[in-house]
Amino acid sequence: MKLIAGPALALLFSTTSVLAAGDGTCAKGKTLTEGNLTIATGNPAYYPWVMNDAPESGEGFEAAVAYAIAEKMGFGQDNVTWVRTSFDEAIQPGAKNFDFNMQQYSITPEREEMVDFSLPYYTSAMAVLTTQNVVDAGAEATLDGLKDLKWGAVATTTAIPMLKDVIQPSSEPLLYNDNADVNAAIMAGQIDAAIYDLPTALYLSAVVVENGALLGQFPAGQSESPDQFGVLMEDGNALKECVNAAITELTESGELAAIETQWLSEATGVPVIE
Amino acid sequence: MEETSLQKDSVEHSAATPTRREVYEAEVRRRSNRIALISVVSVTLAIFVLVPLAPGWEAVQRSFFNGRVFAETFPGLLEAFLMNVMIFAWSAPLIAITGLVIALCRDTRAPALFPLRLFGIAYTDIFRGLPVVLVIYIIGFGVPGLGLPRPWNSPYIWGTLALVLVYSAYVAEVIRSGIDSIHQSQRSAAASLGLSDQDTMRYVVLPQAIRNVVPANMNLFIALQKDVALLSFIGPVEIFRQAGVYKSLYANFTPYVGAALIFLALTIPATRYADYLMNKQNRART
Amino acid sequence: MTAKLSLRMVRKRFDDHEVCKGIDLDVAEGEMVCLIGASGSGKSTLLRCMNLLEPIDDGEIWLDGKDISEPGLDPQPVRQQIGIVFQSYNLFPHMTAAENVMLAPRRVHGLSREDLRPKVTQLFTRFGLGDRMEHYPDQLSGGQQQRVAIIRALAMEPQIMLFDEITSALDPELVGEVLDVLRDLRKQGMTMVLATHEMGFARELANKVCFLDAGRILEQGPPEVLFSQPREPRTKAFLSRVL
């Protein structure tokens, strides 16, 4: 990872600086501190969204996208400040300490009532994380086969509606605070499988969960409302149009796809659940 | 007029006509009720008028007191609360029994049973010294991690055990204080009749001790009702977790307010009742 | 002559305070012995030593020719034979009067409530409490409670009864009803040891009066002698204060 990060970053800055040159006026007067963009991420921020919990490096998908958006809005690398927030801090009423917040927030109509989301910067497949033991015991990547597994998920994610609506398991799922607790429950054999967005699932199965395996993915197009990540902003934030313009530009120019390929390329090759 | 009517009161001494003192006390009571009412109304008014004037009120109202979110999530919260009630229902008797056993261990005097006494002391020291969440995590994930097969690795079993361990330590201390509060003369009286130590404990000391500590234990069980929510850390979806799920789905804190209301609906009457018992006991003592 | 209960050089200390400094006392069968003396002279302690509620430090206590003060001896059988009634009644407040009385026979002798009912009813009736059996202690007057405490001790059918100032917590008008109980027991020939401040009563009924002073029996004898011609100046001083 380290090896390709350097050249990628160089590429990123060289392209964006050219394109963003005439466009730096949109955000004027709309940020917390003039001439500076404050971006929030999770505490800690996870691979592959942010590498090594160091967003300043621009390494990792969300870190790279953040700098790309900033660049389009006219903020150079030095004019980006990072802060950390929890999910709750991001949605609580009152003044925010960030201009926008990126930590795999799924865009939902309910959430949109309370906060603002940008256009999506990533559309994620959902994937089933499990262990080799469960696979060996005969778990199948079919909807019917999934019903009888004991399910778990992180309570703050949109994996829960997915579980309830699509998989409809035969026993009540168990819910946890974070990835580490889900992992502990899998290790303790209390749950067979958990639902994550595909990149997170890939990372967890490869690195964190002992004997981890991916049973399959629900492709992004399959569900009626695909899991799309958006940049979260305070309700009514004037910066929203600037961020949207930047994302549109990145999408149309193919830069966003390039960043995705660079950081999330392993996501292909996971069997699809019908 | 006044004179004669007063005289009539004292002469007839009937239950129907109030005495001078009763008249006076009724007047004092009326006056203090009036003052209490006025101050309650004005404080309430102040809260309802002043708080909404705060600049952030609208945002707070939208994310904490959102009628739409409340209506959509409250039934789900109620349903999840059944889980709390169930966990409480099977934990409470286990805690009471374990607490009693530990209290008796701590109270053993025979030298042969010294290890038991030591165990009782260590148990209460350790489990009263640990935050409940820690014990739930360590036991709820740790013990099943040793490789127990299903259903023996269930978070319900080990989470319950964690609650039992911590709360029985508190209950044991309360019961022990109850045992200590029984005067030595009661033990003497029992011994002088030839009762054995066990019978003295069982028939003379414990019944009195336990009755004395009912209010204190009730407070513990009210606390337990709240701490049941901590089991959500290891998986079970009870009301606190369900509220968290809704919070995340709606990006709104109103479900927490809903959960708080449900808790209060249960704990306020229970707390009042415990206080009532406590007061009654204090009055009986004096 | 062999006494029912004999104390030989009994010593008892609490920490560094010696309360009994070598007590010798004989109580014959059917005899009533009164212990008198100033507050703190060791009367209660001596009684508690007699039925082994307090272990003695030195000396011997003989019951029916058997040394019951041997260290390590199981005190329970002895306590069943020597009943004691305390100044402060010490009834079990969570039990009715009848349950108070039946607890020990049930647990120690293994009798059922049905077995005990006739005898207990008879005892209550005999002491004028036939209609108070189902009352709780706090529903009874002091005199009634003290009589229940006596019945409770008697129900174990002890051979000796010890009474520790059982009337001193009572209102004066209630003292009589409790003393009547003692008279009744005296008539039955019960062997009794009393710590008491009721000098008139001691003079009337005691076979022997012992004056305790600072942990010693300073003087003892028949009441008519001890009360009218005390030898020791300290006895004289005490009697002149209380009579």
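By letter and in written order, the chains are A, B and C; residue numbering begins at 1 in each of them.
The rule is short, and it goes like this: contacts are C-beta pairs under 8 Å (C-beta built on N, C-alpha and C of every residue); 3 or more make two chains touch, one makes a residue touch a chain.
Note that this is a predicted model, so its numbers are computed, not measured.
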| item | value |
| --- | --- |
| Given subunit B and subunit C, the chains that contact each of them | none |
| Chain whose Cα mean lies nearest the overall Cα mean | B |
| Taking each chain's C-alpha mean as its centre, the one farthest from subunit A | C |
| Centroid distance [mean C-alpha coordinates] between subunit C and subunit B, Å | 46 |
| Intercentroid distance (Cα basis), subunit B paired with subunit A, Å | 42 |
| Subunit A and subunit C, separation of their C-alpha mean positions in angstrom | 86 |
| Residue ranges of subunit B touching subunit A (in the complex, touch as defined) | 56, 59-60, 62-64, 141, 144-145, 147-150, 153-155, 232-237, 241, 244-245, 247-253 |
| Residue ranges of subunit A in contact with subunit B within the complex | 87-88, 91-94, 108, 110-111, 113-115, 150, 152, 155-158, 160-161, 172-177, 181, 184-185, 187-191 |
| Subunit B partner contacts - residues on subunit C that touch it in the complex | 48, 51, 53, 75-77, 79-80, 83-84, 86, 88, 90-94, 103-104, 107-108, 152-153, 156 |
| Complex contact set, residues of subunit B against subunit C | 185-186, 188-196, 199, 203-204, 207-208, 211 |
